[in-house]
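In the two complexes below, chain A is the common chain; its partner is chain B in one and chain C in the other.
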Partner chain A sequence: MKPYFLAVLMNMKDQLQRERGVFLIRIVFLCCMILIFHKFWLVLKAGGSSAVIDPVSFLSYLTVGAGLQFSRPEGRVKEIEEEVRTGNIAYRFIRPVHFVLLNFCECLGVYFVRLPILFCIGMGMIYLLTGSFLPINPIYVPIVFGLLILSACFASLCMVFIGLSALYLYDPLPFFWIVQKCEYVLGGLFFPIIFYPEWFQKICLMTPFGWTGYGVASLIYDFSFEKALTVFLHLIVWNALLAGALIILFKMIRKRVCVYG
Partner chain B sequence: MKETVIVTDQLTKIFKCKQGFWGKVIEKKAVSNLSFEVKAGEIVAFIGPNGGGKSTTIKMLTSILYPSSGNASVLGLTPWKNREKLVRQIGVVFGQKSQLHYHLSPLDSYTLLAAAYNLSSREAKSRVHELAKQFEIEKCLNLPVKNLSLGQRMRCELIASLLHRPSVLFLDEPTLGLDIEAKYLFRSFLLKQVQKEGTTVFLTSHDVGDIESLCQRILLINHGKLLLDSHIQNLKEKYGAGQILCVEKKSGKIEEIPLQVPTKISDLQTIFSAETFSNVFVRSTDLETVIASIYKK
Partner chain C sequence: MDKIIYYQKLIKIGFKQAFALKKVFILRILFMILNNLMLLYAWYLMFLNFPTIHSWTFNDFMFMTGLVILTFSVWPIFFRGIGIHLMRLIENGELDSFLVIPRHVLFNVGCSVCDPSGIGDFITGVLLIFFSGLVSFSNLPLVLCFIFSGICVFLALNILISSLPFFIKNSSDIGERIFFMFFNIAGYPGSIYGGYLKLFFCTFLPIGFISILPVELMHTFSAVTLIYLITASVCFLSFSIFIFSYGLKRYESGNRFNIHY
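For the complex of A and B:
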């Protein structure tokens, strides 16, 4: 497992060295988003609207959900897609490392740097705006973070899957676009899905996005061990299913590349 | 007697391609019943025209492609059945495809590769240092690959493929796009290294300079078939025109006459009498001319 561990470390280093500019823009974007939603909340409050959750909880929820989105190394999809379309993927087979696992680890390396930094900056921003800090006991934060990493694993597998599917879809970027939209809508990344009608909430929770997005992010304001365990089990199942599908897809691609050139 | 490290037996690869609006499937034979052997420590040039089947053969021998029929063995392993084992014992450089991480430094790529080849970090460090010194590339190790010149990058690629001390090195057009000096450096470093470690080299190149300066033996293929298997010197003697008399005229034009034994004086008279000349010299037939004449035949 040493090369994969090194791949994670190298991508973490790369994030801090080369991708600093991109990351800085994402930090600014997250701060702007928190600011806009805070103002939006104040307007609603001034209008006499009864809030389902308090502003600190809502903004913390957004920070976790958006943090996961802004940590995503989208460029990886394009890189894998290009390798598949140009046939360069075949040249990766001559090294004793597994292509899928290596790419998965490279994506995780990016998440490992971006997620904690965005989380801390987001929380700091919320403190500046509201004067309050975390809505839950800080001792639960590591558990939420662990689940966030599982969500990141799912997102990483998703990116590798979409990139590899270029062999069959030719242009998988529209597919990626749809997945992103599903994450926002079904994962409740704009608003927690408790704002949705009940029938739609059920649909959201039948998809992986309901758990990777809302499931994890909602724990930041409504934590219970029982809920955390449910989210954990769902994430494990969805990760396992996607990993299985990815292995099958990779085997098909390998066969096609190796047999047909 | 030296051990045979590469064997192919009736190796064939047929590609199926879709053509036209209705996607009619047509078959293209890239490699056809190819059989040859390469012994340990040999440096063999595998040459042929574009589309001749060189790269397809290398891809089959390095486990990238599965053959349609026939057998092959590299270091006693069937490439497409024992990929995991094989790739740990061979080194591969594709001139057109980089194996290094574009954004990272070569050193980072080497660290990753060394771990993949199960080299200890101490062993990897000393090996990288040794090769970098040998290839005069120490100053480039910490620069991102994208900032390196093509010549530097190719030397880095070669280090990446030699890191784990492979028994067989496959080189597919390694000097493609390099300038004369970079080619010269690449060849001399490579030759020094493989001679030092007794590595078997299987090289494809369109550059005759690569073949002349590195290889002892030539395998020539065309349309996927082996046309010729010969040592370079034998090839020149058999297919070359031997010595050539070159007469440089005052106009700058050079006329060449193959010197046969005996050479007829009447042949020479036509050249010498027609115009005054500024220089006369004799040269051997170059390998490029020999290969071109074989292609023609």
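For the complex of A and C:
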């Protein structure tokens, strides 16, 4: 397991050194988004709607969701896609590390650095805007964080899957856009899915995105061990299903890939 | 006249390149339309819960989104070369072959790449503006003015960001992030911004020219605001071209000559 562990560490280091500038922009972007969400909440509240949750809960929820989105190493899809298209992936097969696992670990390394930093900065920003901190007891935060990592695992598997599918689709980027939008819409990363009609909420929770997004993020303002366990089980099942599909896809690719496309 | 013919041919070559992979070309267009509609549907569900957001109805939002998407689409269709492509050329010192052509560098690089997904954006943009119910024959010239100013703003932002590598080394990834950050911010209903934030978005960072002022002008027309909108957009574009030309003097060649159109 040592090479994989090192891959995680190297990517973590990379984020703090080489990718510092890009990461800084992500932080600025998150702060801008929280400011916009805050304005948005004020407008909804001024409209006298009863469906609005309190500002700290609303902003914390969106910060967790946005943090998950902004932590995503989306460039990985393009890198894997290029390796598949050019056939360079064949040279990776002879290495004593598993291609899928290595890419998965590299993605996780990025998440391990970005997620906690964005979360802390987001919470600081919320404090500046509302004067209050977390809407839940801080001792539950590690549990929420653990589930966030599981969500990150699902997102990482998704990226590797889409990247590898380049062998069949040639250009898998459009599918990546759709998956991204599914995360936004079905995962309730724009606004909590409780704002949606009931029938649509049910649809959202039938997909993995409902659990990776809304399921985890809603725990930040409405925590219960029962709910956390339900989210955990759903995430495990969806991760396992996607990992299984990924293994099958990778086996198929090993048979079909041609060097230099 | 010969300049127009030259750029026409350049754009034609870009299209031909993109159309070389027919299925990918069509897939990109279709998925981009789907991508945009998914996001709009989420907002539609939101507006079901909150019929007005600071006096903006769903129709206003639809018009704004259509305008943002339509004006944005001009960039991938005609000037895709400006942006990450141009930034990489500057960073790697590969701009030499464009500099020796007796045509403007920006247009040459810009027209050298075409992204078919922009056509999907264009179609969605036109449909959204048309179905928003705000456009009639009498205000069509006004809408064309908005489109013109929107194109100027997006292009100017892109040119400004593309100039970053002249002043900051290895800033292409940062630049790309910043551009998409602006695009994302422009996608929220302009009515949520008020006070200083609105002033900021309508002066220093003119994304309010696309997401705030047009809908306000559709509600209550003001000739002064319209003149300001058009003049400021053109000035912003001129300023960005000036900054690029200034930055070009700092360009360092990598002594690499490539063949291009």
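Keep this in mind: the second predicted complex is superposed on the first by the 254 of 261 C-alpha atoms of A that agree within 3 Å, B and C clash if a C-alpha of one lies under 4 Å from a C-alpha of the other, contacts with A are read in each partner's own complex, and residues count from 1 in each chain.
Just so we're on the same page, contacts are C-beta pairs under 8 Å (C-beta built on N, C-alpha and C of every residue); 3 or more make two chains touch, one makes a residue touch a chain.
Since this is a predicted model, take the numbers as computed values, not measurements.
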Given the superposition on chain A, are chain B and chain C in a clash or a fit? fit
Look at the residues of chain A and decide whether chain B or chain C touches more of them. C
Which partner does A:Phe93 contact after superposing on A: first (chain B), second (chain C), both, neither? first
Touch test for A:Asp14: chain B only (first), chain C only (second), both, or neither? first
Report for A:Leu44: first if it touches chain B alone, second if chain C alone, otherwise both or neither. second
A:Arg256 in the overlay: touching chain B, chain C, both, or neither? Say first, second, both or neither. neither
Thinking of the overlay built on chain A, is A:Pro3 touched by chain B (first), by chain C (second), by both, or by neither? first
Of the two partner chains, chain B (first) and chain C (second), which one does A:Lys202 touch, if any: first, second, both, or neither? neither
After overlaying the two complexes, what is the shortest C-alpha distance between chain B and chain C, in Å? 12
After superposition on chain A, the chain A residues reached by both chain B and chain C are none
Chain C partner, complex, touching residues on chain A are 19, 21-22, 24-26, 28-29, 32-33, 35-36, 39-40, 42-44, 46-47, 49, 51, 169-171, 173-175, 177-178, 181-182, 184-185, 190-191, 195-197, 200
Quick check on the complex: what are the chain B residues that touch chain A? 13, 15-16, 30, 56, 59, 62-66, 80, 83-84, 87-88, 90, 92, 94, 97, 99, 101, 103-104, 108, 111-113, 115-117, 144
Residue positions on chain A within touch of chain B in the complex are 2-3, 6-7, 10, 13-14, 18, 88, 90-91, 93-97, 257-261
Residues of chain C touching chain A in their complex? 21, 23-24, 27-28, 30-32, 34-35, 38-39, 41-43, 45-46, 48-50, 52-54, 117, 170-171, 173-174, 177-178, 181, 184-185, 188, 191-194, 197
